[in-house]
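The two complexes that follow have chain A in common; it is paired with chain B in the first and with chain C in the second.
Our next item is the complex of A and B:
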């Protein structure tokens, strides 16, 4: 991957220039589909964009010293990490990549949630601290399953290169891994039934309680980019392997967006159908119910390696 | 610059986020605020979101006749909402203290303590009147810069149209 293609992927497609409007679009799809499922009309098409612009124009309370600096820094780190994660996705055929970019992608996907934990504690609000503690507990439980699922997919293909994984033939093991990733996505995106960290009304707004104006706008954007990165990761793994000529890159992009929207609709249906679980039930769900599948996937991947 | 200002005005008009504050209300108006967000009235069409934290909100919705105990809380929450902001007094209680007038436990009405932008009278007001009030407050918000709010008092009459069939 040359510097030029890397910059193009980070800044144009599937990076910032594509990812930011896509983030707003996915946030709208989520809100609109939940509204339709509840028999409402829902927000207008441009709503996440207007929310973002309005928040940029609001004032922030004066926060002197290191606290203010940290509270401005966390959302920016979260946004750049999520945008970087989107930029790494192998959407276009033969778009480059490097050995081990899967590990970088996992690290970048994890950064926003670490930023949220740190943000809640650095805001010094008691509700922020409760939200951060919940986010930390949730993150420890779903990440085991998430990482095991991805490791099993990678181990079965003998590679940590995203493009090779995306091009790999779909085996049953591949689908078990994708299913495990899908189970983890609601917790990663903080939607029902795992909307514990930012439990609206229950603990005010969780780690975001003290954030206002442009900082909150950045958090909203990073949440949208997490949607793009999370659904995009699944979309690249399940994308059908038809031979797309290099000239028809738009076709690959269209398939990617369509698959992402389908996954967003799936997750929204889950969010609309369920209520918020308590933290102990959520942690138990991941440790007791889904860990078995992840261990199954990993062990079968190792068995496959020994046999081959 | 002018274009940016117009964009910001549109954004403020189309994305009013509410924070709901109860200052000793009987819960009648609170139920109606929730009803305004329900499938029948669906205030989210206007971009309305009920926020958990006053830091996120643009519009402070106050219900209740402001009891002595609640005065401090009302002022604190008003200061926690960041500018530009607007205040809606929902129900007859924050407007006039209603049937509790002259009670020794009250320190109302609301405009004694905060600059109120929109009054939505009624005991309780209908959800469509509340939505009309929010839309009016969002319009006021769009026209107001970050300068400190002056008391623009607007009255939203109860909608007479019968929406129930």
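Our next item is the complex of A and C:
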């Protein structure tokens, strides 16, 4: 991958120029679909965009005892990491990539979560600290399953290159891995039933309680970009393997967006149908139920590799 | 599984909430706006005392009083109407010759926009009852008056 290709992927497609409007669109799809499933009108199409603009225009009230630099840095790091993760997704055919970009993607996907934990603790708010502690506990639980799922897919194909994984034929093991990633996504995106780090009406906004104005706008944007990156990862893994010529790149982009929207709708239906779980139930779910499933996937992948 | 069926039904039925400033439909039991009759009001201010949402304000002056009602704050609980012994307050639902459109909760964009104030002249106090002939009568009259007060 040349520097020019890398910059184009990071800044244009599927990077910032595509990812930011896509983030607002996915946030709207999530909010609107949940509202319709609950018999409400829901927000208008442009609402996430106007929310962002409105927050950018607001000033942050002074917070005594809190250093401004750290508080401002966490949301910016989270946005950069999430945008970088989206930029790594192999949406277009033969779009480049490098050996090991899957590992970089996993690291970038994890960074917003670490920033949230750090932001909650550095805000010196009791609600922020509770939210951060919950996020840390949840992160430890779902990340084991998430990483094992990714490892099982990568081990079955003998590669850590995203493009090769996306182009590989879909085996049953591949689908087991994708299913495990899908199980982890609600916790990664903080939606019901794993919305306890930012549990509304319980601990206000959790780690974001002390945030306002442009910094909160950045958190909202990073959340939207996480949606694009999380659903995009699954979409690239389940995308049908049809030969798309380079000239018809728009078709690949349309298939990617359509698959992402389907995944967003699925996650929204789950969020609308479930209530928030307590932290012990959430941790138990990932450690007891899903971990066994993920270990089985990894063992099968290793067995397959030994046989071949 | 039931919850999924419920979500599907909600999706098919469409939304039940309305976008501002659409008027909601009211049920036949909706009490509607409180109607005030200055002719009957004696200025006792019991309505203001009973109004927990502070939609009714009362200012006493010399020889007159000002009674204000803000429908934007009213919860239409009907406690003011219930407590008005002079029947100066009435519920404005259909039975009181208001159409369904007029009976719906009002829409407002500015705080206090719908507030209505009435300045009413105090009526002279009612003449005192004539002294009783028998010595037992005053005691029974006092009991009756206390009972009426308690009912309020």
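One rule holds for everything that comes next: the second predicted complex is superposed on the first by the 304 of 308 C-alpha atoms of A that agree within 3 Å, B and C clash if a C-alpha of one lies under 4 Å from a C-alpha of the other, contacts with A are read in each partner's own complex, and residues count from 1 in each chain.
Convention: a residue touches a chain if its C-beta (ideal position, glycine included) is under 8 Å from a C-beta of that chain, and two chains touch if they have at least 3 such contacts.
None of these values were measured; they are calculated from a predicted model.
Student: Could you check whether chain B and chain C clash or fit when both are placed on chain A?
Tutor: clash
Student: Of the partners chain B and chain C, which touch A:200 in the superposed model: first, second, both, neither?
Tutor: The answer is first: A:200 touches chain B but not chain C.
Student: Using the superposition described at the top, determine whether chain B or chain C touches more residues of chain A.
Tutor: Of chain B and chain C, the partner in contact with more residues of chain A is B.
Student: Tell me the contact category for A:31 with respect to chain B and chain C: first, second, both or neither.
Tutor: After superposition on chain A, A:31 lies in contact with chain B alone.
Student: A:211 contacts which: chain B (first), chain C (second), both, neither?
Tutor: Once the two structures are laid over each other on A, A:211 reaches chain B alone.
Student: Does chain B (first) or chain C (second) touch A:72, or do both, or does neither?
Tutor: Once the two structures are laid over each other on A, A:72 reaches no partner at all.
Student: Given the touch rule stated above, what does A:40 touch, chain B (first), chain C (second), both, or neither?
Tutor: both
Student: After lining up the shared chain so the two structures overlap, which partner does A:63 touch, if you call chain B first and chain C second: first, second, both or neither?
Tutor: In the superposition, A:63 contacts neither chain B nor chain C.
Student: Check whether A:51 is in contact with chain B, with chain C, with both or with neither, and answer first, second, both or neither.
Tutor: first
Student: With both complexes superposed on chain A, which partner does A:276 reach: first (chain B), second (chain C), both or neither?
Tutor: neither
Student: What residues on chain A does chain C touch that chain B touches too?
Tutor: Common interface on chain A, chain B vs chain C: 35, 38-42.
Student: Any idea which chain A residues touch chain B in the complex?
Tutor: 31, 35, 38-44, 46-47, 50-51, 53-54, 57-61, 127, 200-205, 208-213, 216
Student: Once bound in the complex, which stretches of chain C touch chain A?
Tutor: Residues 3-4, 7, 10-11, 13-19.
Student: Per the contact definition, I'd like the list of chain A residues that touch chain C in the complex.
Tutor: 35-42, 269, 272-274
Student: Quick one: in the complex, what on chain B touches chain A?
Tutor: These residues of chain B touch chain A: 7-8, 10-12, 14-15, 17, 39, 42, 44-45, 47, 49, 51-53, 55-56, 58, 82-84, 146.
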